[in-house]
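After this come two complexes, each holding chain A, first together with chain B and then together with chain C.
Showing the complex of A and B:
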């Protein structure tokens, strides 16, 4: 994996510039940490973007989904979450380092989620889960595809290999259309 | 950062846009260390007082920033707050007054029309039994609060 590999169109746009640094205790479970960050940022953005029409619950779900994956799978390093305002959508981008082996798996998954019919893929993953033995990991991609299927969100991905390391900076961008 | 600390740092410009950001920040910080609603409310009240002071003491909102760190021991919360680019000169007298007796500060200013910039902190010492310490450097104000928590069982969540 070398250079930037993009799946979909990664966009940049902004009309406000609040910037935070958040550090969380290691004692928090990944799902708990993700939930705290999602609740905090969606409440903050609800106040900051009062003039825009968007679902705070949807934004909370998106941030929670992205953060949970990042906290669980990211290699050591910073997790950066950026929220940008575009004409047609609110863009939520999460960038974090991944070990190359895991990045390859994620890239294949991202390609599948990006290209597939979300309704069919959603049903397929649910079916795999139902058929699987207890404890078997079969639900990969369900969160991402549910963003497309249930929240009409657009997805884009970026994979950038860091020079002379086994680390790939991975970006997942979700665009939530304004209501 | 310490392994069991929550940190939040942001510019004070945000407060100028909306005062409610203060409550959102304090709810977040309190929530990461207290599961019981009573202790969460207690911690959020204390942090909110500290953030409000940050808002009042920030010299220039476009440059000032506030950094908070919170750590929990068994029955108390340790809260640290740094206000960068604070109005040190203006705060000097109030700080000397406060440090002479945080409880006394509360009694002296209770009911005043303009109770003073540190009244919120004296409330923490007087009503919540918190230990409050203030220190200054050239351009920053540092605030340390040790807040005793209520002896309530904290729910334990299974991962």
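Showing the complex of A and C:
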């Protein structure tokens, strides 16, 4: 097993009061799964976490964006979604396999989203997409930067390379501060 | 001219030079958004015949828009700005959580754009 490359502070189970897991194989995740999972978990957590203050719409958007990215880009394997209750925030953590070539692109994007001024990066991505053909345009970078810009979300990323394979286990963590 | 699906509707109100998007838009990237982009272009042609030439983009009942859809909106704003000769008014609702967050930046991309949030 290769080492873990982290961008930002990846949080671990011991930091959470509760965790809710959902796992599904990529082969059973058509495009609509993003919507269904986001709607279901948002509505269910609204009921389950009544004592906490959070935006259900924000949670819906976060889960949908992460699931859409996973459905688009994940290699064959398991998509694991966790919603975690921490003292300061509600976390959504998505882990899935990526081919190494795709993981390199995502790691560079993650680094950029993590470090850049979100307002400037949002404008840069919009301008970049203006120059691209429709088929090359993507909401991936825009989705991540919009989480920082519009939802005050914290982001962290993990890339776990596996020896003797071209697969990188990739984790994206989004934290939504309690309101 | 309109597109109607179970999840969303897109409709040109020619009499009022208005393009109305409603429902929940979660399509997969720019190619799937192309029919809506084409409808937006058609709405521009309609609005350019008005006096004054102003297109109203009514998003009041658009409950959800993913990031690919946000990209579509901003690409449209940039296109209208670049082409010139057409004003743009965007109607939004504060009751749709994504809208105050995601629409407010449009004015930075097109300073003459009128954003009306209710």
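We take it that the second predicted complex is superposed on the first by the 149 of 179 C-alpha atoms of A that agree within 3 Å, B and C clash if a C-alpha of one lies under 4 Å from a C-alpha of the other, contacts with A are read in each partner's own complex, and residues count from 1 in each chain.
To be clear about the criterion, contacts are C-beta pairs under 8 Å (C-beta built on N, C-alpha and C of every residue); 3 or more make two chains touch, one makes a residue touch a chain.
Model, not experiment: these values are computed from the prediction.
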item	value
Contacts of A:150 with chain B and chain C, given as first, second, both or neither	second
Which superposed partner A:48 touches (first chain B, second chain C, both, neither)	first
A:72 touches, of chain B and chain C: first, second, both or neither?	second
Residue contacts on chain A - larger count, chain B or chain C	C
Contacts of A:34 with chain B and chain C, given as first, second, both or neither	second
Chain B versus chain C as contact partner of A:3, first or second or both or neither	neither
Contacts of A:57 with chain B and chain C, given as first, second, both or neither	second
Doubly contacted chain A residues - partners chain C and chain B	31
Contacting residues of chain A [partner chain B, same complex]	18-29, 31-33, 36, 39-40, 43-44, 47-48
Chain C partner contacts - residues on chain A that touch it in the complex	31, 34-35, 55, 57-58, 60-61, 64-65, 68, 72, 119, 122-123, 126, 129-130, 134-135, 137-140, 142-143, 146, 149-151
Residues of chain C defined as touching chain A within the complex	24, 26, 28-31, 34, 37, 64, 66-71, 74-75, 78, 96-98, 101-102, 105, 108-109
For the chain B and chain A complex, residues of the former touching the latter	1, 3-11, 13-14, 17-18, 20-21, 24-25, 27-28, 31-33, 67, 69, 71, 157, 159
